[in-house]
Amino acid sequence: MNAIILSAIWGVIMMFGGVIFKKRDTPLYWAIAGVSIILIANVLEFFGHPLLSFDSKDMLHFDKFTLHFNSIALICTLLYFLLSGRDIEKIGMHVSEYFCLIFFVLCGVFISSSFNTLLLFFLGIEIMSIPLYILTGSNKANLKGNEAALKYFLMGAFSTGLMLMGIALIYGGNPQGSFYITNINLGTGDLSPMIAAGLLLIVFSLSFKVSAAPFHFWAPDVYDGAPAVISSFMMTIVKVAGFVAFIRLFSISFGAMHGQWQSLIVIITAATLLIGNITAVFQQSVKRMLAYSSISHAGFMMLAIFALNDTAHEAIILYAAAYSIATIGLFAILIKMKDYSISGFNGLGKTQPLLGFTATIFLLSLAGIPLTAGFTAKFYVLMAALQTGQDVWLVILAVICAVIGVVYYFKVIQAIYFKEPEDNDNQNISVSSGFKLLLLITVGLIILLGILPNIVIDWLYY
Amino acid sequence: MLIHTTFLVLDGAVLIEKLILIVLVITGSLVVAMYSTYAERKVAAFMQDRIGPDRAGPFGILQPLADGVKLFFKEEIVPTFSSKFLFILGPCLAMLTAMMVGAVIPWGDTIHVFGRNVSLQIADINIGILYIFGVVSLGVYGIMIGGWASNNKFSLLGAMRAASQIISYELAMGISIIALLMFTGTLSLNEMVNQQKDHWWNIFRQPLGFLIFLVCAFAETNRTPFDLPEAENELIGGYHSEYSSMKLGFYLFSEYINMFLSSAVMVTLFFGGYDIPFVNDAHLGQSIGVNWLALIEGAVLFAKICCFIFLFMWVRWTVPRFRYDQLMNLGWKVLLPLSLLNMLVTGALILLKQNHWHF
Amino acid sequence: MEPLTNRIEHVSRKQMSFWEKIYLPAVLKGMGITFRHMFKKPPTIKYPEKKRVFSPVFRGLQILNRDAEGRENCTACGLCAVACPAEAITMEAAERKAGEEHLYREEKYAAKYEINMLRCIFCGLCEEACPKDAVYLSETVAQANFARKGFIYGKEDLLIPHPLKDPEAFAKAKGSRIKHPEGHGNEH
Amino acid sequence: MEIKWYLFLSLALFCIGIIGALTRRNSIIVFMCIELMLNSVNLLLIAFSKMHLAGNNALSYTMATEAQLFVFFIMIVAAAEVSVGLAIIVLMYRNTKSVDINFLNRLKN
Amino acid sequence: MEITKIIFWFLTALALVAAIGVISSKNPIYSVLWLIVVFFAISGHYVLMNAQFLAIVNIIVYAGAIMVLFLFVVMLMNLNADAEPIKNVYMKMAGVISGLTLMIVFVAALSASEQHSTIIRPGTSVGLIENLGRALFNKYVVPFEISSVLFLSAMVGAVVIGKKDPIKRINE
Amino acid sequence: MLGTYFTFPELLLWIPLITGVITLFLKNESQVKRFAFIASLLTLVVSVISLFFTDVAHHPNYFYYNNVSYLWMPYIGSSFSVGLDGMGFLLTFLTALSYPLIIATTFKREFKNAPAFFGLLLLSQAGIMGVFVATDALVFYFFWELALIPLYFLCSRWGAEKRIQATFKFFVYTFTGSLLMLVGILYVYLHTPQVSANSIHSFSISAFYNTVLSYGDQQWLFWLFFVAFAVKIPIWPFHTWQPFVYEQANYPSVMVLSAIMVKMGVFGMIRWLIPIFPEAVFTFNHLVIILSLIGLFYASFIAFVQSDLKRFVAWSSIAHLGLMAASIFVVNTSALQGVMVEMFNHGINILALWIVVDLIENSTGIKKINELGGLATKSPWLAFFLVIIALGNIALPLTNSFVSEFLMFNGIFVFNKWYAFVAIISIILSAGYMLRMVQLVFFGKESGAVENMKSINCSQFWILGILVAGILILGIYPEPVINLTKESVDSILKMVNR
């Protein structure tokens, strides 16, 4: 609750900041301060000392999972602000407003992790999406950005329509007639046609939101078209929040009849994994490659939805942290580049050893090499999927897709270390030592999570 | 009080009753609108030290009829390339929406005829104000469609201005009403009037709210100083510059009907409706009979409305037209915050009172 | 620079006070003014029934004058057409034939004399230029007309009624206008 | 009325919306089709709300109220979405003078 | 037939015809107008079901505000029927067929549901504003407040997107 | 003190790991080399000392000394547990021994970015050590991958022209295999019995050994594990990456790859594959043996016609490893014993062979067999060593391989005569191609390349001397090695035949 309230309030503060702040870099400091405050409040709430308390009439429910995820999202955001905050300022004129919108998105993220009724589920997803439509198109001069925003918006609205129809059908089909997800207690019986139709539509719409195939087609264009800073945020925290909402809704409401809709998820997962990975191989631009890779990571996270057990919850948390941190780090480096193509990275290991090294670690983590967070995350996901004891072929498919992932991630690593630097603008980038230090800290986090995933997971059982 | 309105249970007598009332209200508003045009000219003349129309009939009171006849016999012109259907639809819609407001205004207390209690309100729906809002918000379609169908840049600009103006001012209007609703606790106009009979008129409880409402009402009816959509000297008449004959008449009429009905709404909301000031209506009713009372009340209401119509005209001939940016600034930067403030203060006061904190 | 008139108004650029900014007092003041005007006596004159007296310097429609015997004064010299700043006057001259002495005072007369009333600005320069006192601005005003053509006044429209045959009409057309009350010198 | 007629009506409207969204390329019309979809959902929710009301158990009143408020919130979200969506469409139009959803793809071809 | 039934079928037919009008009109203006008709028909249904508050809110919000904005934008852009590029006929067919299939599947599936012949009960006080308002400000106060965040973000967003950059203007 | 606070398996891990990281930050090249050499020597010393701390008396069981375990991820039942048994010791010793020698061969060479090179080398040592000492499936998997990453960078960064593609192929192959193994590990893990109170399942090796898997599960799980190990070994048809990488990569990396890394596969099969899926092993052993023998034959023939020295060694290595793989799946005492000893022997033989090839290419700049010849005249000591190494590779009596290959043949023979027959032909073939190579390169017609050939210097002499001495000593007195691994063989067979 604290996180929701504070992020909304801070959003408003940042909104007024557009009028108050005179210097362009002031909003960043405020934003960092805001995230820190929200983080502290959230941690305090986690330990049972909420700063503010408010009776939500059971509309929101905060458990360890939720609060823990919120903390992770906040830490990732903090990292994101620290690493890429300077680049948010470069998008356009309305610096403070961008931060304001990001805070509103965060508010949506927290709602989607803690909703207890379908109403708040819907509102949370929408609060997450609407500012993002704007942020996608925030670079107004960029045609690609405009179209990305338009596409994202239309797709998002369309999927909202599907979701609402699903919710309506579930409400109608449920004799309890309630929107409380805990009340959608359907038992383990057969799905009634109405509920089945509703469930199908909700799965579709959530697949849209998390860019799972076959509803992924907006993702590459949008992630590629949006300003790189914003794609970084969209791909990580927002997408992961979508998954948290997904798993929360489906485990609480429809967990009991898991077997009846699992095969649907299996198909979506398999398709997502294959499409995301295979298309990513052929990309020449790192940004676009990362867009496709984010689809493939969505596939991996879908495995957790497929599994829907305790391990799956752990896995989602861990995956959220691992994937977000690595992607944010990689994007922070990518944004500094002037050329986003893979050949733009040529010889980075020589000209900018530290950037090259950290980028390599991030890529290794995304590829899921042990000793990095990416490995433990994939490990947990696979374990969760295997625990169900069904559809082992899906897990094997996932593993093969992970190998395909290696192909495109290592293309960049090869460019960084084994290719000679070219005469392009990328070589003359200058980064501050603070930025370097932060990158190292990020790398440290990734390796820490790679060795001791417990430090994240244990909080779930604290 | 909870009014269980079963909406579609109609018996024959009620139907006839309502039909008569509808006809009365429509004719009434048409007549008032007609004579508003006359009044407008007369008031303008007086304020400009002139005499005004005085040829048709004594003091020119047949002037509106003459105007009407003239409009009827004017040549109909439909511009080429315009959608003919929409071109005709525009003024019709404007007229329709203008008329519809009258349905929820209580024109007087219940009367007793032919052994029946007949309410002088066409539809006492419990969401009267919302209904008015709905209808008012539709009013813009008439203008927009007409402006667009004219296939003329000035018309289109006028229509655009109208749309943005009406949407902008609806907000402040709505919020100022909300502050009022906090006091009244009902959306039914009849209820409100009954409340004002016993208590203060709402104007004394919501002076700021009334002011905002008044300004917004000016804007919503496209009256000067907010008559940008039809600004004669910039847009050559705005959305109706391509219109002629009775279609133009409809537009002009709808403006006056709007004026009349918005005055009626303001009177009902803020000035006690048909309540006779300084008199206890119930006592009076006992002494002279219900029907006479209703008649007097109707007259009083009409008098109040006339005052407002006069106010409309008075302002028109005093205040010059706004510039477009001034209009928007006023709506968004002044009225909206002010109405929000009004709402907040009202809410706070109500809370204080509920908690018995005397001040 | 020295102001040419004493009506100059200095625009004040000072920041308005809050009281001024809310405009309401000013609006109310304005409304007060307009309201006051409602009770002023309207200066309107109901025209067809009541007419206002023309001012002594009023210049109306031209007439072509005749002398006391009823002969046309105009000799078609063209000075009026030259003087006309609006170039509204055209004429054609003709020789007086024998037996027409009772019609025309001089040997030459205007066979055609037209004034375009849409162009005419009633400045009176034709009257000033006329050496024969033939053109004369009366007190009548131009009648409304449906066509442009109707405003081109020919000789038949302009010529003053015969003073002997119809003395009343002549007097009326001539009016009581005092030419140049202060006088300018070329009166006969 | 039986609930099924409302159900079918609302599904028909929903599917018409989907068809429109799939077949049209004018982004404004696509957006309107989406609004149509939302409205069909609203209609269905209210019909369901009244259906649950007919159930006549202790909770039916609450159940019915919930759905109607849900509709209220859908309207809220729709309004917010429209403001953002139209802003984006206008932005797109300002830059490209087109409201085609696939403008850039068309450029490529 | 009772009067409500006649009204029901009339409104249904109106809604469907208008909805088809929305998607088949060449000119966006007509689409907008058709959509307004749909909204009116749906509002009529609400009234039939005695959900007056939502009926009027539907009119105010959708017909009164949203569609005016649409109309506004369409008119501003001055889009004509020929502004829209012709989409591949096969694509159109595919869209129509998929939509119809979806509908048939849903109708078939939902015809089998047990609730489908429940008769709805319109005449109660659920739809009255007083009751809805009470629920909204008590139980639903959290979503209500949260929706304000939604609006704020939409507002900020629309301003960010809609405002012209001052710097850019200088460059131009 | 040594074995008390820090147990030996840990030390074997931490020393290369820490020194490797430190090396990355050093600057001076000679300093780097010296530091790396001393670090690897330190590991060797620890390894040797650990031998004296064996505790056979107290732990007659499988893991009989220096097992240590820390809680790592308690909720999923994984702990950081490492331990050494006979086989583990042998392989860690091989690793510890090889690294100083490999580093010593580089002393006279120049390397671009030496700190990175030697740092990665030491890190790879840590990874390999980890694989050999891990007694927890997750730890094993971790190190299995970790050994790969430094080698990926080593081979991609330094080497011939096509090194990047070659290494990438290698990487993808092994990574695919290992991820499939991960699925296998997870699946087995989910069927392990409860060991600790914290978690339902456990990753510890004993829990894995005690897992009861259905026959059907075993059948497909077997292949998941098998592919991972087969790619590493490599068994035909998973071998295609190997010659390519060996040809393109730099010598130290190739030495690590062929001498030690491939042993990871063999080790994995013995330690993880066979005991966990005994029934599946007995189902598929014929198939695997046939694959291995095909590989053995195929590799031998190709080695015969191979003109490139590096590729030649690569193919000969495949041939040997094919034999080893075949005998693993025979699963009897003699064969397994043979494989364990052979792992060590093949390690030092192939290392020695690579060192010789390295010397030749380094001084002549030529690695085509046809273009070389008569090198013995210039470098008699090298010729002498090479002959002994070649004989060791052929497994002539009195060389180390003789004992191990004999044991393997014996095992195969007991299993199936025909397989043994085929395998024995291979030894003849290997004699043929080895001797042909020696003949062509060192004797025969002198080529132009001889002019550049130098005699070996003192350090090279000592390096080769140590290895050759090892070959000879183990050939004459193989008893200690056999004794060391006997216990391991017994316990595995016990597991398989339970």
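Going by the order they are written in, the chains are A, B, C, D, E and F; count residues from 1 in each one.
Convention: a residue touches a chain if its C-beta (ideal position, glycine included) is under 8 Å from a C-beta of that chain, and two chains touch if they have at least 3 such contacts.
Everything quoted here is computed from the prediction, not taken from an experiment.
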Hopping along touching chains only, can you work out the least number of steps from chain B to chain D? 2
Which chains are shared contacts of chain A and chain E? D
Interface with the most contact pairs, given as the two chains involved: D-E
Please indicate the chain closest to the centre of the assembly, with centres calculated from CA atoms only. A
Per the C-alpha centroid definition, the whole-Å distance linking chain C and chain E comes out as 69
Can you check how far apart chain D and chain F are, centre to centre, with Cα atoms defining each centre and the answer in Å? 65
Chain C and chain D have mean C-alpha positions lying a whole-number Å distance apart equal to 73
Rounded to the nearest Å, the gap between Cα centres of chain A and chain C is 88
Going by the contact rule already set, what residues in chain B reach two or more other chains? none
Spell out, as numbers or ranges, the residues of chain D touching 2 or more other chains. 3, 7, 14, 17, 31, 47, 51, 55, 64, 66, 69, 73, 77, 80-81, 84, 87-89, 91
Scan chain C for residues touching two or more other chains and write them down. none
Chains touching one another, given as label pairs in label order: A-D, A-E, A-F, B-C, B-E, D-E
With touch defined as at the start, can you tell me which chain B residues reach chain E in the complex? 2, 4-8, 10, 86, 125-127, 130-131, 133-134, 136-138, 140-141, 144-145, 147-148, 156, 159-160, 163-164, 166-167, 170, 187
Please output the residues of chain A touching chain F within their complex, sorted ascending. 364, 369-371, 375, 379, 382-383, 386-387, 389, 392, 395-396, 399-400, 402-403, 406-407, 410, 414, 417-418, 452-454, 457-458, 461
Counting only contacts in the complex, chain E reaches chain A at residues 106, 109-110, 112-115, 138-143, 146-147, 149-150, 152-154, 156-161, 163, 165-168
Would you pull the chain F residues touching chain A in the complex into a rising list? 72-76, 141-142, 145-146, 149, 153, 156-157, 163-164, 168, 171-172, 175-176, 179-180, 182-183, 186-187, 189-190, 220, 224
Touching chain E in the complex, chain D uses residues 1-9, 11-20, 22-26, 28-29, 31-33, 35-36, 39, 42-43, 46-47, 49-51, 53-55, 61, 64-66, 68-69, 71-73, 75-84, 86-91, 93, 98-100, 106
